[in-house]
Structure formats: C-alpha cells, structure tokens
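To keep things simple, chains are lettered A, B, C, D, E and F as they appear, and every chain counts its residues starting from 1.
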Amino acid sequence: MRETMSIQSPKSSASLLVVSAHAGDFVWRAGGAIALAAERGEKATVVCLSYGERGESARAWREGKSLTEIKEMRRTEAENAAKALGAEITFLDAGDYPLQETPELVDRLVRVYRDVNPTVVLTHTQADPYNGDHPAAARMALQARVLAQAIGYDAPGEPLGAPPVFSFEPHQPEMCEFHPDVLLDITPVFARKRAAMECLPAQQHMWDYYTDLATRRGVQLKRNAGPNLGLPHTTMGEAYMRLYPQVTGALA
Amino acid sequence: MRETMSIQSPKSSASLLVVSAHAGDFVWRAGGAIALAAERGEKATVVCLSYGERGESARAWREGKSLTEIKEMRRTEAENAAKALGAEITFLDAGDYPLQETPELVDRLVRVYRDVNPTVVLTHTQADPYNGDHPAAARMALQARVLAQAIGYDAPGEPLGAPPVFSFEPHQPEMCEFHPDVLLDITPVFARKRAAMECLPAQQHMWDYYTDLATRRGVQLKRNAGPNLGLPHTTMGEAYMRLYPQVTGALA
Amino acid sequence: MRETMSIQSPKSSASLLVVSAHAGDFVWRAGGAIALAAERGEKATVVCLSYGERGESARAWREGKSLTEIKEMRRTEAENAAKALGAEITFLDAGDYPLQETPELVDRLVRVYRDVNPTVVLTHTQADPYNGDHPAAARMALQARVLAQAIGYDAPGEPLGAPPVFSFEPHQPEMCEFHPDVLLDITPVFARKRAAMECLPAQQHMWDYYTDLATRRGVQLKRNAGPNLGLPHTTMGEAYMRLYPQVTGALA
Amino acid sequence: MRETMSIQSPKSSASLLVVSAHAGDFVWRAGGAIALAAERGEKATVVCLSYGERGESARAWREGKSLTEIKEMRRTEAENAAKALGAEITFLDAGDYPLQETPELVDRLVRVYRDVNPTVVLTHTQADPYNGDHPAAARMALQARVLAQAIGYDAPGEPLGAPPVFSFEPHQPEMCEFHPDVLLDITPVFARKRAAMECLPAQQHMWDYYTDLATRRGVQLKRNAGPNLGLPHTTMGEAYMRLYPQVTGALA
Amino acid sequence: MRETMSIQSPKSSASLLVVSAHAGDFVWRAGGAIALAAERGEKATVVCLSYGERGESARAWREGKSLTEIKEMRRTEAENAAKALGAEITFLDAGDYPLQETPELVDRLVRVYRDVNPTVVLTHTQADPYNGDHPAAARMALQARVLAQAIGYDAPGEPLGAPPVFSFEPHQPEMCEFHPDVLLDITPVFARKRAAMECLPAQQHMWDYYTDLATRRGVQLKRNAGPNLGLPHTTMGEAYMRLYPQVTGALA
Amino acid sequence: MRETMSIQSPKSSASLLVVSAHAGDFVWRAGGAIALAAERGEKATVVCLSYGERGESARAWREGKSLTEIKEMRRTEAENAAKALGAEITFLDAGDYPLQETPELVDRLVRVYRDVNPTVVLTHTQADPYNGDHPAAARMALQARVLAQAIGYDAPGEPLGAPPVFSFEPHQPEMCEFHPDVLLDITPVFARKRAAMECLPAQQHMWDYYTDLATRRGVQLKRNAGPNLGLPHTTMGEAYMRLYPQVTGALA
C-alpha cells in the first residue's frame, strides 16, 4: 500500500494550481484550500486569466475610473490577497466580459502547467448561467491540462502527470450543476481567508456573505463527518466538486 | 488539521460493514476492499440478507437440489469466502427473488449498525434493472443507517455516527447509474480476492470475468493516478461510488 | 450473422405482452404496436391490472353509476377494443386509485409471464406525476419479469428469457421522463387503432387527441428516417422508450 | 410493413461512415461494426481527422522520431488496419492535440458526407474528459451531417438523408456519459478485428485490453438477449449509443 | 385573459396546505410562505404527519424525557409556531423514524385534501439521503393529491382541482436534487418567521442558520430580479421547487 | 408586497425581446407570447440572426431561386408575420447553416439588449440535434444578455437589468432537453398567431402542425390548471422552459 498512501499525504513536491477567470474569484471560492496548502509548506500558484476589469468592477466604473486604473487596482488587490493566503500569483491579462477562448490562451496555460507541475488543480464550474467567463476559464483549464500531458505537445518542460481537478463553489451553486462532492475543513486557516477577503475592499458585502457560506458548509461538514469525530462547533468549510475519480489505497 | 487527518488514516477503531443482498455479491464486488481492511487490522463484517437461493443458484436448481440443500451450500461457500478475505459474516435469511422490504428487516439492520458501529459502509447501487433485490438491499441499508443515527430509535447501543457509504460495482454498471467516483488500488490483496472467488465453484465463469474487471479498473486507476506515481503494470482495481460528500482536511 | 438476424425478424413464436394499469391505456398508447403484431400473425396479450373504475371513469361516476356497473362497462369496452386490435385480454381486477403494489399481485404477473412467454413486453413509464397507478404497474411488470427469469422462483412453467421491454407514451411525456427512443411506423394498421379507440365511447375527446399524436409522431418518424426512404405524407407513428440495450447483428 | 422493413435489412446501397479523431480510434472502438458491414458487401469509409501524431504517439516521441516520421508511420498503420477490416480510409490531416474546430474543417466533412452518402454514421462521444479531440470530432461530425442535409448548403452532390448516428465506446465509458444503447454481435468478424488491432504494433497492450472488452460486452449481450437465443459462450460484442430515435416497423 | 389572471392574484378562496413530516419542518422551510398567505388573508393549514419525536428530538432524549413527554412538548411548540405564522395545524401522529407509508395514512391525507381544498400545496423534496421520512412524506402528499382529484375515490367532499405543488428547501439542497425554481420574497413577513422559529427553543442553533439562509436566498433573489426593481438591501428569501408546469396568462 | 407584485403584472415599461436564429422561428414557437404582449400594449421586438436562407428554404432552392431572391422573400414574409403579431422586427443577416458564433455578432446583440431594454427574453433551446443554428443562437443570446448587464462593457446605453429568459418549444421537444416549465394560455390571441403563420406560405404544412400543437399544449394547460378554473374546451397553449429562478411575492 505504500505507493498509494503517498497519494493521500502531502508530498514535499506537492503543488497547487488555481485557474481563476478574474482577480478575486480565487479568494472567495478557494481561499481556504490555498491557505491550507501554504500552511503545509506546499507551493500554491494562482493564475488569473483576466483582472475582471469589465465584469466585476461595477463600483469603479460608476466612480468614473479608467480601464487602466481599474486593472491596476484589481491587480494590486489580488496580489495582496494572494500574499495573505501564501500563494504566488500570475496575471495573463486576457480580457474579460467576454473572456475569449483562443488557442493562444490555451497554449499559455499549457506552459503554466508544464512549469508549475501541479499535483492538484482548482478551477471554476463548467456551467454558470450568470457569468460566461467562468465556464470559459474552466474549459481552457481542462483542455490545457490534457494537452500538457502529451509528450508530443510542443512546449518546454516534462509531460504533466494526471493531477486531480476540483471545481470550487460558484455564487449560485444549484444553478451551476455544482454538487459538493468534497467538504474541506478550513477551520485552521479561516482567519487567513478572512484576511485575504479583506484585501478586496470594493466588495465588502462579500466578506460576510462568504463567511456565512463557510459556516454553512462547516455545519454540513460536521453533519457528514458525524458527531463521533468531535469537530468543534465553529468548523468552517469549503465545498468542492471532483471531476475525475479519486484514486486511493483505502476507502474513507 | 490534526482532527481531520485522522479521518483519512485507518484508526484502530475502524470497522467495515458490507450489506449484501445475496451470499456471493460481496466477493465479486467488494472482495478487495474487505481484504484491504482486514490486512490493515480493521474489523470487517459482511451481512448477507439472503443466501441468493432462488435467484442466483440456477445450476443447483437444474441439478435438482432442494431449497434447504441450496441454502446450506450457499452458506458454506460464503463462509469460506469471507474467511479467505478476513471478514466475519452473518446471514439474515430474509429470502430472495424477491427480497421483500419490511420494517422488521430494516430494524434488524439497525441493530447490526448499532452493534458493528461501522466507520465505512459498502452496499449495492440504488438502481439495477437486472436484479431488484440489489436496490432493495441498498434502500434498506441506507434507511437503517439513518435510523441508527437517532438516539430516539428504540434499539440497543449507542447512536451511530455518520460513516461514509459506497456503492460497489454492479454487473452492468452503465445500466445501474453507476459512476466510478473512487478507484481503489487492490493490488496488494488481489491474490486473496482471487482465492475468495474460488470458494464459489458454481460460478467458475465469474472468476475470470471479475479478474478481467479488476485489470480494467486497474488500467483506469493508473490512467487517473498519472504516470508519475509509478504504479506497476499489474495494478488491480475496484470501482466505488460515493453517496455522501467526502469530508477531508486536504484536497488530493 | 444468422443467429442474430433472427432477433430482428418476427419469429413464429413471437409473443407480445402488454401490462396496462387500467382498461383503456393499452388502446391509446400501444394500439398500433398490438395491431402490427397481430397483423404479423403473432400472439398479442393484454393484461389489465384494474378496470380504471375509480380513477378513469369520471363521466360514469357523475352519471351516478355503481362501482359494479362501471367495472362491467369498462371490461366490455376493453374487450371490444382488444378484439379490434387482434389481442387477447385478461383482467386481474386488482383495484385502482390506488393500484396497490403487493407481493401477491407481482406473483400473479410472474405466472402470466411464465404462461405467455413474451418475446416483447410493453408497459407504462416508471414516472408519472399525474397518475401513480402507471408507475406502480410499470414497477410490478418489471419486477415480475426478472423474477420469472429465475428457475428457482416457485411458479409453473419454464424460466423466462430476456424479452426487451418498452415504455409506451404517457399523456404528458416531458413530465414523465419519457424520451422517444423508438418511433414505430403504424401506418399500415392505423385504421384498426382508430377502430379500437372508438370502442371507448366515454372518452370520445381522446379519439382525435391520439390521432393527432400519431400524426405528430409520424412527422417526426419521417424526419428521422430521412426523405430518401420515401415514407408517405400520411405516415402515422407511436413512440416508445427502450429500457434495456438493443441486441443486434447490424447497426441500422 | 414493406417500406419500413427495408430500413432494417442491409440494402445494396448501404454505406457506413466512421469519423475518427485520430488514426487508430476506429480500430479499437468500431472495428467490429466496420468488418460486419464489409462482410455484408457494404461500403465502409473511415475518415481520420488527424493522425494522432501528437497526442497518441507517446512511444514514438520518446524514441525521438520526428513529426513527419510519426505521421507517416501512423498513416501506414491505419491503412493496414482499414484494409484488414475491409474499409476505405481518408486522412484530413487537420492536426491533433488540439484538434481545432474550424468552419473549413466542417465544410470538408460536409463534402465527405455528400460524397459517401452514408446510411449509418459512427463517431466519438460528445463528452470525454480525457481527450478533448474526441468530442471535437463528434461535434464536427454531427454539425456537418446536419449541414449536408440542406439543399441550400453550397457543396457538390445531393442533400444527405437522415442516417442514424451511433457513438462508439470510449476508453472510460462511465466518465464520458456513454450508455450502451445497442450491443452489437461481432462474433462472426472478431478475428478480423483482432487482425486489424495487430496492425498497430505501438499499442500492443491495447490488443488484449480491447479483446477483454469485447468479451465483456459479449457477456452482457448474451445476458440481454436471454438464454433462449442460444448464443455461443464465445459471443463477442461492441457497445454503441444511439443519438437519434430508432425508426422501425416492428418492436424487437 | 381574465380567467387566467385570476390564477396569479390571491383569490378569496385561496387556501395553502403544507404537508410536513415532522413538527418543526414547516417553520424552517416554509415559514415565510405561510406567513405571506396569512397576511393576505388566505387560509393556511399545516399537517404534521408525526411529531418528529424520535428522529428530531435528540436533546430531549439525552435529557431523559419519555416518549409521551417529547410528543407533548413538540406538539405545543409546533402549535405556538403555527400560531405565530397565522396557520392552523393538525397532527396525524403517524410515528417517525421511520415514517411508514401505508394506504391508511394516504387515505387520511386524501380526506385532508378534500376538506382543506388547497389552491397551493407545499411539501418536502422527493429525495433526501439524510432523512427518509422527508421523501416518504412527499410521496404520500403527492399520491394523496392525485387520488383526491378522482370523483371515484371514496371519501367525503368534492374532487380536488389541480393545485400547484412546491417542494420547500431541505437542509442540504444539493444532496436532495433541489433546484431553486422559485425565489419567494419573504421580506415583509420575515419578523413573523423569526418569531415562529423562536417558538422552537430546543433547536436554537437553527434560528441563525435559517436566518442566514434567508439572507443568502435574498441575495440571489435580488440578483435574479435585477437591480432595476430596486429591492432593498435587506431582502429575505425562501427557495422552492415547482413540481408541475406553471400555468399563466403572461410570461414574467 | 408592493414592490414584488409589480413583477407579476405587466408594467407600461414592459418590453419583450425574441432572439430567433432564422426568420420564421418566432412565428411557430412564440407567436402567441408575442401577440399577448402586443395586446397588452407592451413593446415586442424580434431579432432574426439570419433569414434561414440556406437551411429552411428547401422549396425555394428546389424551384431554382437565387440566394438574393430567397433572402428577400424570407424577409418580406417575416415582416408580414411580425406585423400580424404586433411586433417590430430586425434582421442581422449573419448567415445560416451554419450560423457562426463570433464576438462581433455577440457584440451586436449586446447593443440590441442595451437599446431594447427587455423585461422578458425568449430564445431557442440550448440543445437541438436537428439544427445547430438554434443552440448557437441561444448561446449568443444568453452570453450577450450577461455582457449587457456589465457597466464596464463598452456599448452605448444603460446596463441591462436581469430579465427572465424562456426557451420556446423546439420541433422535437424531447430530443432537445425541453421541459415545459410554463404553459402559456394563448387562447385570446390564437387567431392572430394563425394569421401570422399564414404569412409564411412556403411552409403551409406547418400551419396545421402548430395549430395541433397549440391544442395539445392547451389540453395540458387545462389539466395542470385543474377543472375548477373553468377554462374553455378550446384553450390553446404554448410551452416554455424557464432558465433562471422565478422571482415572486406569492406562490401560485
């Protein structure tokens, strides 16, 4: 069982890659998973395909800011949030609303995969009727992962393995075909997630919204873990959906 | 993270419960998981709701055996197979073809749950158009698990926690709404599974059929694990479907 | 290819069994298939689990008829309709609204299967939010078919083979998870179906409704067959849903 | 029934078209159906959109072969396999990993449809999380089929009829929303399929894998056909998914 | 359009029926809808099939209360909550954990329907892997509604019309196949819902949980209504799933 | 309740937008909804992405008409039909068979949204295996609606609100994942819909087909409304599928 047990426990070579359509998404939806990875001493990398400059910056537009100012502001905020979580962050500046799917952008993602060599990948759901950029990002993240696995694909680096992929939770999960396959206990790092959220002042109403969600998922986590594990009353959770079968050496 | 890591690693109090409609099902479909648990020193318990005396003993009926003889034969074979896997086995002798769902039988299962106190539960899929006893067993196994959780349910023992439940693989998975959420590496115990299968001589054609299936699931397991883990060419697998969200402290 | 081609072409031993919740259902929903079988010289048998005396005889109740009168009237009408289609008909008189699922009624159906030895089975959909008797009939028809296959099931006759099962079209197909997998060309026998419908005078408004439906399914049949087959403008159709994989020697 | 029976039985004008993303796919997944069509004296045409030069030639890349050499090698192998099955083969050389969906490539496929005038079409599933080229090929095959039906589409030849379309079986069927709607008896031509597989020496481990799959699908075929048909113990099968309703003159 | 507009606007004869498995469910899940109906001067009736005495009274059992005491306590609390919402309440005392589905209990529900003559019906979801009593209650509520529509069903009163049915939101919606088809604005009556919740002191942790949920559904309601409607920041919502097509005279 | 009741009743600012792949679609599938809106004094706008010149004008092509003639003819017919319904109509002339999805065409639709400021949107289903232009139109209509909501999207006019979107009924609903969530009573305007259909002489066989469909949906509408509403025997209906949750102040 040695070789499969190693799948479960964090390896020193563990590397988390988060593919985010806009600056900000990774904080609300995956901040806990990122902070947990960082806490374990693993490498965590966030790739923002765009700054969310058009679709997710309504207040700044209403205040009359320019496109350049908005992108700069969003970049700075996202860098601060990534730092608070313990992650590196890269911006591809591919534009949003709409985020166009192009072979070139997919190729850039392939190169990210080859470079980062992730052991776990997080991205958006493949459906989201409220925001077309989210599924576009997910489709490209998934396509690039498969391409990066091929030795014949012309990009630097070694062929990628088969890192598991998880969808993080969208804003209206039931409308996005999101089923919480995995409930992640983020209690130990929730303070860091909250701190990262507070790096995004323009969306202050989201701080409580996603704190409440973490509480709600925490309640469900305790319900599914059972009383016998003695999880604390204040358990906080994040929900994920697993896209490929889990590979394991022991059912649990 | 201490409290949730303990979910993943086998605890000394770990206890596996397999609810099987007929004697035999647990061998073909979950023999690897049972042997792995036994190998880890955990308790493994199989409950057979019936002997499969009417629906799964065609050869014996053609040979003119009596009902009593058939039940006795099936019981002995199942006991031998359980022994080969390292499991205890109990027979409720509730009759098959059809296996009738009754409050009394559910109550007996509640008492089994309270007694065995499982940390993992395995049973049939909830759909199977080829064999109505399988979903009947699954429905009762699931109902009894929920009832056993209630302190107000009148049965001896402590209320059950919330053990995860997995469906094991049916004969024609695509017809039974079976999706392989979990691929279990049974390589280290495959020889024991094969030995247990060989305790069922009346179904000799199944020995190779389920060996081939284990090979096939093993190929998929390696494909999903990725080449980097270096799993051996001879990896053998069993597929499972997870019925409740996985609770974990780390995505992997 | 010889042994499998025989699956496709009507054998002299071909036998059609229709399991209908109420007297009447088989006419509207499967009259074409029944008449086609009869026309080919095959045996066609209709089993009505009830007369539909409570749930489908509103007019008679409003006219003040007694339960006995209504059952008698429905029986006579259904016998006439079956005769018009060329089928034998049996009534189990199990009561409707609700049609109760009982082991005894399933056992009676097993005996019907063993006796009729069908090569094709037709019944209701497994979902129908407008009429619970329909799925109840379907569940019993499906369960009895599986039980009848077991040599160990204690009923007279030989074990059943594996006749394909089709759901016929419910009144509101989209609400009943009905997908038209098979479009049956009933043009050659539509006049017989119409004549059978006219044996049910209390539901005269249905005559045109189901004639229109046959036209509609006929249009779709031509659309799916393609213009090259030269089906006539007046093609009439019935839609069916296939519950088990089709077994064939040639894709078509 | 005359006009519809002709749908079922092979016509002299029968023509099978297989749209394959890569050279090789058609052998593993549809070799039996192709050989059966050839055996019946029908025309069988395989269109390979790419050679699979980047995504499915890992060994050649590891051996240091050039792109040109790999394409040549794959082409030769595929030609040999097609010959073994009795099919003609065409290569569109559109590139793989990724296979890009373009209007031009769809237009080329429309012209193939108009030229080949297929009466049956086989292609990939519309989902495949392990290989994006497969659904891309399926989407283009389906779109081109519809376009070829329009008299107003500007391409040589007569408008296409409405040939039925089947998805052939992907490598991990449950992950690709593949449901085996049709089980095809390939026993009479399995030796030819095996011979065709052996034309692909680089993927020798697949020979046994797909032989085992044919055995497995054969077991299920016998199970669904029922014991009464007396299919031999060595029945071999291929599974298909039907994308449009079956049009027929008789339920079977 | 006169006749259909009346469907939309509350009629003086409007009557809301809520079928609840346990005392308590109707408060958390449908308290807003009940209070809105009462506020509009409509009749609102809650039917509790059981008191939830075994499955939802863990604290009382741990405190050593007797079954009789627990039922009495639950009854009083539920009566207080119903009063706070403005609804009448009836208890069928059919027992819980498990709530057994019987023809007799369904018949009692038919009589409730005939008596209350509801124009809107609310009940549980048809799936709930955490609590089998909930789907059992839903199945009986749905079956009884159909039976009550039949003039031939032997129970006092006039045949029921076709009142729309809504599932209210379960505890873990994504696990119960719950899709929020309808978002109900309960802002005007939220204070009454909160007051009703506070009538259930044993489940104090639920007060905030369901207040948070109302906030969350309110945020989604505003999102789906659009900014132009000017809904207040404090909008509170309840989510429902519609089981039959909406009938209307105007799309909105 | 004031603010939400206004959602239900037609406001003077109400504006209906119909996005149609081809000239003609809006008549068969949404003519009743359009006429109802016009009758209520609301603005109704139809946008035809193409004339359906290649894919839906078979007769004209067979008669040897030129592309220019066909487009002109289709335009005139569609203008007449729109006039008969009381709607304005715009043609984007983007070409059909295939209707190509491009950023430019989506941008043109965004500008239509900003200009028309719809309060209700109707378009095709997102699946249609018989006509790829239909889902392409739907995807673009949905994407443009989301883009038009963003203040940062660079197009004239105010950001759009969140108008509800409905799919109208495709030709073969069960094949297009169409579920009739809403049954619209079009009785008062059916004569106008028929008159509009008769503006399309090339498709005369469709006049009766869609009249029959309206009758059929009318029967279902009465069935779902219940007998108590006293809808006339001649009720005519159109079916729609709702893509976002309904927002309301009262369940009905």
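Convention: contacts are C-beta pairs under 8 Å (C-beta built on N, C-alpha and C of every residue); 3 or more make two chains touch, one makes a residue touch a chain.
These figures come from a predicted structure and were not determined experimentally.
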Could you tell me which chains make contact with subunit C and subunit D both?
-> B, F
State the smallest step count from subunit A to subunit C, taking one step as a move to a touching chain.
-> 2
Across the interface between the identical copies subunit C and subunit E, with over half of residue numbers shared counting as same and under half as different, the residues used are different
Could you give the separation in Å between the centres of subunit B and subunit F, each centre being the mean of its C-alpha atoms?
-> 52
Round to the nearest whole Å and give the separation of the Cα centres of subunit B and subunit E.
-> 38
Touching two or more other chains, which residues of subunit C qualify?
-> 130, 175, 180, 220, 223, 244-245
Name the touching chain pairs, please: which are they?
-> A-B, A-D, A-E, A-F, B-C, B-D, B-E, C-D, C-E, C-F, D-F, E-F
Can you check the complex and tell me which residues of subunit B touch subunit D?
-> 130, 171-175, 178-180, 209, 212-213, 215-216, 219-220, 223
Which residues of subunit E touch subunit F in their complex?
-> 1, 3-4, 6-10, 16, 33, 36, 39-40, 119-120, 122, 149, 159-164, 166, 180-185, 188, 220-221, 223-231, 239-240, 242, 244-252
Subunit B - residues contacting subunit E, complex | 103, 106, 142-143, 146-147, 150-154, 243-245
Where on subunit A does subunit F make contact in their complex?
-> 53-55, 57-58, 61-62, 70, 97-98, 100, 129-132, 175
